[in-house]
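As written, the chain order gives the labels A, B, C and D, with residue 1 at the start of each chain.
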Amino acid sequence: MELTPLFQWIDTQLISLVEWLGLPIWFAELLEMVLAAVAVLLMAFLIVLFLVWWERKLSGHFQQRLGPMRTGWHGWLQTIADGLKLFQKEDIIPTNVDRKVFFWAPVVCFASSYAAFAVIPWGEGVIPTDLNIGILYILSITTFVVISLLMAGWSSNNKYALLGGMRSAAQIVSYEVPLTLSVLGVIMMTQSLSMVAIVEAQESVFSWFIWRQPLGFAIYLVAAVAETNRAPFDIPEAEQELVAGFNIEYSGMKFAMFFLAEFLNLFLVSAIATTLFLGGWQGPFLPSWLWFILKTTFVIFVIIWFKWTYPRLRVDQLMEFCWKVLLPLAFLNLIISGFLFRG
Amino acid sequence: MADHDSILKLLTERFPGKVSALELTPAQTAVSVEAASIVELFTFLVESADLKMNYLSTITGIDRTDHIEIVYFVSSLEHKHMLTIKTKVDRIGGKIESIQHIIPAANWFEREVWELYGVDFVNHPDLRRFLLPDDWDQGNPMLRDWDGRDFIRMPEVQ
Amino acid sequence: MNEATPSQYSEEFEVNMGPQHPSTHGVLRLMLRMNGENIVRATPYIGYLHRAIEKICENRTYAQCIPLLDRFEYVTSMASEEVFVLATERLAAVEVPERAEYLRVIMLEFNRIASHLIFLGTFSLDLGAITPFLYCLREREQIMDLFEMTSGQRLTYNYIRVGGVAYDIPEDFLPLARKFVDTFQHRIDDYEAILTQNPIFLARTKNVGIISKDIAVNYAASGPVLRASGVKWDLRRDDPYSIYDRFKFDIPTGTVGDTWDRYMVRVQEMRQSNEIVRQALDQLPQGDYKTKMKAVFKPPVGECYARIENARGEMGCHIISDGSTKPYRVKLRGGSFCHTQLIPAIAPGMMIADLVATFASLDVILPEVDR
Amino acid sequence: MGIISKLPVYMENVPGGTIVTTSLEKVLNESRASSLWYLLFGTACCAIEMMCAGASRYDFDRFGMFFRASPRQADLMFVAGTISHKMAPRVKLLYEQMAEPRYVIAMGGCACSGGPFYYDSYAVLKGVDKIIPVDVFLPGCPPRPESLMEACIKVQQKVKKEKLQDWSSDRRG
């Protein structure tokens, strides 16, 4: 039940349509790209709708309560209701706020995490564009999130937002380094940056990189959790200290964009984890895209599990943990994988 | 564990004119002191070896219609005994020495008595309003003859 | 302006942890003067919950004051009723039957456990761990059922009256209470499993917000805060009231006086209270639950200061009576009042996260501060 | 909210337009009712009952009600507990910071009318409706979590009955 024949059929239909209209051939390519982008956008919205509902249900059951029940069977309409409600909310732009920066911050935040979906391999041959520098592209594009947090923190003209913005920028920038190093370990073994090549290098279950790079996987997971401001590292939005961190002044659709981007980041980070360490879409008999979805959901479950058990780290402990613990471990991991897997 | 009589005897000899024993209905070691020598008494209470009363439970202000009475409750954690100290201050514009530099706990207790009863505590570090709203202009509410803008008294139900 | 840090470009700014802030328990405003992440000066502003309970009590009879006392300290209402009733009974030399004394001790200790459960919940909530909050409230609901069964209310009981208690306990109170007392032991082990050995929790609480012994005594700290600083002072043992001398329980004390010690002292105290309730349930005598009181209760002229060991330290009530049916003056003293006074003394140099953790460990609730 | 507020006026004269507005209205109201995020704001004993209502046994999350720390993102405000004169301006400020379709539940006797502190107290505001418009008054001192749930259901019913037209007129000034 692979999806590649479906894409070939769409491809031929598009070309015949373009010829029938007498347009130049490259127009079909353009149309295909637009279609792919729209498909990924739809997939992104669907994922976020599911994830928000799933986190509330999971957190409910962790805490021995039920989570949303009233809106639809077991509350599956809950996130749609939240989205529609946020759509109707008054869009407050406080007076002494830097208007343009205030307006563009959520857009940059959402755009950067959405742009990274261009190279996520959903399944066999199901990948928007197979860049040969796939993983490098992702790591660089996701740093735009830092800029958007700073923009939000600075422009809201609110002390808490400023503190929240500064803290999140410091946190994400410093956790970028161990994240990249742990990814480097995997790339050393596959000799290629392209996501598809990484996945193909892990055919059988025993050849997954998690077995050959356990330390790398651990560092990646911890750094990824810090990258998305979640769980023990969620200091920017620490309710107790900074009320709501950088998105304190945002309401209505602007807040929804931040909310969307946060969950998109969560999915992105776990998608990369499955591609790099858990063998992407490789799996015995289920269709490839189903394997990819199952593995990513498992990683998301673990990250959500972190959030509802661990207390929060202090800012300086967080930085100390990154530079004095995670970084040396990442270097060690590089050395080990260099020795063990020469050539 | 110095008991009732020995504390009273010790204090009355130490401050002959100023401190005198007091009998209260439920028996307790109580002493009345002049407002002027309050600081002297507290320095002695804190420093003296066999008393060592440095734990101030609370300070109460009472409006006795012709004067304002201030009651200090001091106890010692080592010897486990407690002493009630009562002083009198005149009702309007009463002045008394602040014991904040001897026992820091008195800071907020004195501030409260100042705000609600109007007793002025001399050289208290920051006598500022902290219980009532900042724009409060209706005097000291705890005095018994006080009446305010939207202050509704409960009607007597016979 | 910036004597704290040598760099001449840094500038201090004021942050207002306002009256509406998730981490301040209730409505306390902390004006923090910050230099980057560190606090230079913290000044608490209180009075946002000042309800003038003492002024109201001056125009109420003794029986009418008790519901007001419930709202004075609403997390441990039984304790605030007990302190008022203790002072009145000492003033008027009223005898309380044995069964009433035992019922009072059982209710007081259950209330202490419920209060410490709220502390454990909000303390871990302020450190970011959300799940223990829900577990603690789940246990607390069982205690709420017991209270509701006897006094009819979940939070403001109006149960302890002058001369005894309001109602006798229903039949199915004892089995339920025993069941709770037996299972509660393992529940505390569950909480300790999540929090006590958790490295992040240790990093956030060890050696944070240290209150030395002399600061604690000078600022009249009391209860778990005083004991965590190493002073072995518990009013149930050192200024005995009611029938606490008939129960065997020990007083947990800390050593350093940091946030971790305050947390540990309260967790151990929950175990001790559990033991006290078990012994009280075993020795519960039969008999009537309140003495015969005259309809119009007029205590003699005089004054009395009673103090009891509440979950938040020494709770005192100074009653002055002029012989009429209404108290001439009622002065209430709560432990949180002095603990809030501590903050400016220990806050300089801390970071915001530490101040939040320390303030949560002081377990301050605002009605005691503002009255 | 420009487009939405003029929508019902144009839809009237389009044939069959009213069915569209009523069905659209139903969907919008339904979504607004079933995701009321409440502001974490409690002053006195009612705040403890509100905590219990949010905890495992009575669980607000079943109604889709999730607490938000910042007033900007909240649309339901529980005034839980006594409001003193010193706190009144802050409550008003908080109410004004909330985004427009906002609702207020005056929880407990103190918020409704000053409760046990009505007589002889010089510092208590006699009812929060003197400073902010209140949607549902909830008696009780403190009200049980079940009655708090009932108040929330009443607010939800009120939201479901709202018309799209009254969006065009500025509702509460």
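One rule holds for everything that comes next: a residue touches a chain if its C-beta (ideal position, glycine included) is under 8 Å from a C-beta of that chain, and two chains touch if they have at least 3 such contacts.
Just so you know, these numbers come straight off a predicted model, no measurement behind them.
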{"item": "Shortest walk length in steps over touching chains, chain A through to chain B", "value": "2"}
{"item": "Innermost chain by mean C-alpha position", "value": "C"}
{"item": "B-D or A-C - the one linked by more C-beta pairs in contact", "value": "A-C"}
{"item": "Intercentroid distance (Cα basis), chain C paired with chain A, Å", "value": "45"}
{"item": "Between chain B and chain D, centroid-to-centroid distance (C-alpha), Å", "value": "46"}
{"item": "Intercentroid distance (Cα basis), chain D paired with chain A, Å", "value": "35"}
{"item": "Gap in Å, rounded to a whole number, between the CA centres of chain D and chain C", "value": "32"}
{"item": "Set of chain B residues in contact with two or more other chains", "value": "131-133, 141, 153-154"}
{"item": "Of all residues in chain C, the ones touching two or more other chains", "value": "22, 47, 50, 52, 55, 58-60, 134, 138, 370"}
{"item": "Shared interface positions of chain A, touching two or more other chains", "value": "63-65, 239, 243"}
{"item": "Chain pairs in mutual contact under the definition given at the outset", "value": "A-C, A-D, B-C, B-D, C-D"}
{"item": "Chain D - residues contacting chain B, complex", "value": "84-86, 118-123, 126"}
{"item": "Residues of chain D that touch chain C when the two form their complex", "value": "40-45, 47-49, 51-52, 55-57, 69, 71, 81-82, 84, 86-87, 90, 94, 116-117, 119-124, 141-142, 144"}
{"item": "Touch list for chain C against partner chain B, complex", "value": "45-47, 50, 52, 54-55, 58-60, 90-91, 93, 217-220, 231, 233, 238-239, 300-305, 307, 314, 316, 318, 320, 328-329, 331, 333, 337-338, 341, 345, 370"}
{"item": "Touching residues on chain A, where the partner in the complex is chain C", "value": "59, 62-65, 159-160, 163, 232, 234-235, 238-243, 308-317"}
{"item": "List of chain B residues in touch with chain C within their complex", "value": "24-26, 28, 54-58, 60, 62-63, 71, 73, 75, 77, 80, 82, 84, 103-105, 107-108, 130-133, 141-142, 144, 153-154"}
